[in-house]
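Before we start, here is the structure in question, set down as structure tokens.
So that you can tell them apart, the chains are marked A, B, C and D in the order they are listed, and the count of residues begins at 1 in each.
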Amino acid sequence: MTRVHVWGASGYASAEAIRLLQTHPHATLGALESASHAGQALAEHFPLLRWSALRFDGPGAVLAAVAAGDVVLMGGSNGTAREHAPAFLARGARVIDLSADFRLDPSAVYGFPERYRDAIASARLVANPGCYPTAALLALLPLMALGVARQIVIDAKSGITGAGRNPAVGSLFAEVYGDVRAYGLNGHRHEPEIAHELSAVGQTAPFVFTPHVVPIARGMLVDAYVVYDHALDENVVRAAYEAAYEHRSMVRFLPADRAPSVTAVTGNNRAEVSATVHGTTVRAICAIDNLGKGAAGQAVQNFNVMHGYPEECGLDG
Amino acid sequence: MTRVHVWGASGYASAEAIRLLQTHPHATLGALESASHAGQALAEHFPLLRWSALRFDGPGAVLAAVAAGDVVLMGGSNGTAREHAPAFLARGARVIDLSADFRLDPSAVYGFPERYRDAIASARLVANPGCYPTAALLALLPLMALGVARQIVIDAKSGITGAGRNPAVGSLFAEVYGDVRAYGLNGHRHEPEIAHELSAVGQTAPFVFTPHVVPIARGMLVDAYVVYDHALDENVVRAAYEAAYEHRSMVRFLPADRAPSVTAVTGNNRAEVSATVHGTTVRAICAIDNLGKGAAGQAVQNFNVMHGYPEECGLDG
Amino acid sequence: MTRVHVWGASGYASAEAIRLLQTHPHATLGALESASHAGQALAEHFPLLRWSALRFDGPGAVLAAVAAGDVVLMGGSNGTAREHAPAFLARGARVIDLSADFRLDPSAVYGFPERYRDAIASARLVANPGCYPTAALLALLPLMALGVARQIVIDAKSGITGAGRNPAVGSLFAEVYGDVRAYGLNGHRHEPEIAHELSAVGQTAPFVFTPHVVPIARGMLVDAYVVYDHALDENVVRAAYEAAYEHRSMVRFLPADRAPSVTAVTGNNRAEVSATVHGTTVRAICAIDNLGKGAAGQAVQNFNVMHGYPEECGLDG
Amino acid sequence: MTRVHVWGASGYASAEAIRLLQTHPHATLGALESASHAGQALAEHFPLLRWSALRFDGPGAVLAAVAAGDVVLMGGSNGTAREHAPAFLARGARVIDLSADFRLDPSAVYGFPERYRDAIASARLVANPGCYPTAALLALLPLMALGVARQIVIDAKSGITGAGRNPAVGSLFAEVYGDVRAYGLNGHRHEPEIAHELSAVGQTAPFVFTPHVVPIARGMLVDAYVVYDHALDENVVRAAYEAAYEHRSMVRFLPADRAPSVTAVTGNNRAEVSATVHGTTVRAICAIDNLGKGAAGQAVQNFNVMHGYPEECGLDG
């Protein structure tokens, strides 16, 4: 059993991680630190934890409790992990950070097990990927053997939990309901993360990224269009995806006539990917749960990899 | 033409009133005061006003602009109208207050035109009813001829705009979506208003009121159950509703086999009412739009009554 | 391990049962018979079974496969179980019927484990309760010690899966979205079932039952109002609920300031119940998942009781 | 006043057209023919027509009633207009067809007033554009001056009313709710229509078109990405859109920092368009209501153009 502390425990992704870890056969929950919710019952805030007796701990709780061999899952807002992670690492804990703080930092391992499994296994500090990059990379990475593209278009549709649990007018039910809207027309903080990982596999093509909010709570669909200079062979493309995912238990490459479904991956850690060829363009579509494979599920998957447990342990297979 | 100023202009009900008044044949818009949104375009905040060029005015704008014969529509939070209305009245303006401030105050006329039409016509200060009381009274008042009941149950289902546009965790899309929940189990601020109006017609039976939030933006359904000590004749009951509403252009009493529909009244000022008899109990159901007949639509209806225009003027008939 | 065949396997409740039984530690799935879907993959129809390799079997599959000691879960439309169950029973199988066919039939045991646990344990034929009766009885039965009431009102709000998976205009997304509507104003098929169970505990008061559709897929909230002739003591009422549920693992009676939440019980087999006193009236509210505790979850709970497994086995505890 | 008959009157688009024409100052409604709904009240089927007293007429009603100078709006399923329109034209009526039957037919005028206004004005037979082509063309046509692109990507998100009112399992609330899904991965019937109109302005670049269903009833967002071989000047691109739409009352080109909103165009005939430049790629986004500017609203706009009325007459300006 490994003890897992959660620092910044009151967000949607942290709550989902706590839900998953509660029944994980090799994890026990330690301190659940939240400055804003200290002393309150998790059951009061999260329906899926409604029958839990857990309470949030106050500031300093993780630092007081952490010991060598523990894991600290960091769920605070961007900028806070960079400040607090060093102390946890110094105590001998391993850290999985849900924020963007370390995703471009060479001192951390990028927690995308479909690509960096071995490095994650021995990492002390794992930067859990963003939800958009996770879905985009699952759609795009199998294409790396086709060489540098001319242009990539990434059109993403996300549930509103991606915006977090902070109250904002734009996240109110009455504002999201009935609407579909693009945002960040002039740049989104996930773009450098996508660019970093694409260039790591030699894909230096320019890309346009358009995030949209759709009126669902959880789940995400990303359509990635990759434009090449030459016509493509659909068999070659499909073979690349099949090779990439045939041994990945959490990702499924779909038959040619099936489209990914958000409801099929909501609440679990799975991803569905499709790919079709249209002349010189590949259209690859990926569905994940932004709180599952896009955040908490992937964090638990990384936890499993870091400890040698089966990847899907505690994640409904 | 009558000039209408809006004080506290940035809430959902105020915006809906502005939308209605923009095309009202006998109204022109004056100052649109909002301390929090001064200088901003209404189009930035409200999709239904997206093509409007109007901007919010700053503090004091209404007082500076108001003149005798104008109307001030007050949309601020509860407690603020009581402070600011006297100055507008002193300038010779008439006031329609959307808040709860004057609803139990004998110096104001309760703006429920289905009952107080004549008093509204000459009123200087009109207290626009709450959404729950409006629907409950439309369901209950026709029964007053049956005498005092033993017990009344009012089970209400409301869209989330009833909670206002202030950002609160409980109003976030991800919190409302998929849920149906009762609130105010130990009392709701609309109860005294309902009690006041029921007792005004001699209905002093105790009632239980249960407001619920359902995952829609606008609209409300209220089921009212009235338990008597004696068996009832459905023909007598139906005749009471028919008499109450046959000359009311905005309220329709439905045939015995039809149930009120929220979507039929969303975006307009209409109400649908049904009634069936079950032994000693009447079940009356009323559907309105909480922002329409339950707030802004009814305010415009009161505006029409106050000025001798047809009641449905500017309200889509 | 007990083998479970599913007859009438293509509805929402059957699919949910298959989902639960797939990971149940003491069950194996046998034939999955569906005349309309024979040969098709379950994954094509149900997102939650998307990663399953199961296929529907054709007509006669259950009868060909069933053996003594097996269980047959019957999920067909009302009227079909009465015809086909006898053959399964004759082969020595035990039957759990999700339809209404046997709910008023003395040859079957009513599968409501919170009341009939012992009879279920030895039953050959279990009539699984309807979703509305399940929620209504969980709200009402603890009150039986208070004697016969004067009047009961049951106001229910249900997700649309309660209407089944048959395509009907009234169940289309565009018809349900944005609406809240009552139906069955002149009687619903679940009324006799509720009446039967209430009278079995001596509660012969008349009741009015109003089912509503709300725009959610799964989940149900039932508000039950019980009007007595005398004032009630809230402590006595609360004590009755606490006694009823303190040893029931799937039902929780909430603290006085908390309201039941549909999202807290969606996807699991739990129920939440609240109760408050208002003069001579008790208001009890119950939330369940219409496909969980209201159908498939309760069927698995009955399966557990019938075989001596812990009640919550395979039901997320 | 011009008399308008509706043939195939029971679909979502026809009902919306009837709603608009009911209050149009220059139109009167004639026969409303529906073979499947003959004799039934429109109010029973469409909440927005709930207060209407209109009834559907039976087969042959339009042919019996039509006279020279009338307009027949055809709303039947694809394939039926081709059969029935000639008889209406032979009687001297003008026809506006909502189906796809004549959209590629040179005997009809393509009813896209932002491009073919003059031809529509004198047309006898107008083929009303599909919803996807309308939004795609509004996003793409202003770019024609930039020459032939290398590749176009059209990623569309539509409300479910686009699938019609025929009951189908895939359109049920419980199937659409919570999901975002692509469909027609191997081709959609709107593609030839888009190709036809793009090539008419010299845009012969290949395009990939991906329609998605999102969980809203009405409304559509289309993201169009146009990849060129050379870098682009954002000022030149913006100027092209400004020139295209500055005199179009129903289309608005947004400031550079605003994204189109579906809720801003739901229920009306408006379109919102944005455009940004990303290296060699233009991203243009268009929001319309699939039943408004994408169907019934555009039909009324065409009706206005055909009769010399202001384009926005009866369409809320």
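Definition applied: contacts are C-beta pairs under 8 Å (C-beta built on N, C-alpha and C of every residue); 3 or more make two chains touch, one makes a residue touch a chain.
Keep in mind that what you see is a predicted model, and the values were worked out from it rather than measured.
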Would you kindly say which chain has the C-alpha centre located farthest from the C-alpha centre of chain C? D
Pair with more cross-chain C-beta pairs in contact, given A-C and C-D: C-D
Chain-centre distance (mean CA atoms) for chain C and chain D, in whole Å, is 45
CA centroid of chain A to CA centroid of chain C, Å: 36
If you look at chain C, which of its residues touch at least two other chains? 47, 178-179, 215-218, 261, 263, 266
In the complex with chain C, residue positions of chain D that touch it: 12, 47, 159-161, 165, 167-169, 171-179, 215-218
Chain C - residues contacting chain A, complex: 23, 47-48, 50-51, 252, 261, 263-264, 266-267, 270, 272, 316
Can you list the chain B residues touching chain C in their complex? 150-151, 153, 155, 157, 178-183, 185-186, 206, 208, 210, 212, 214-217, 219, 221, 223, 225, 227, 256-257, 259-263, 266, 274, 276, 278-281, 283, 285, 287
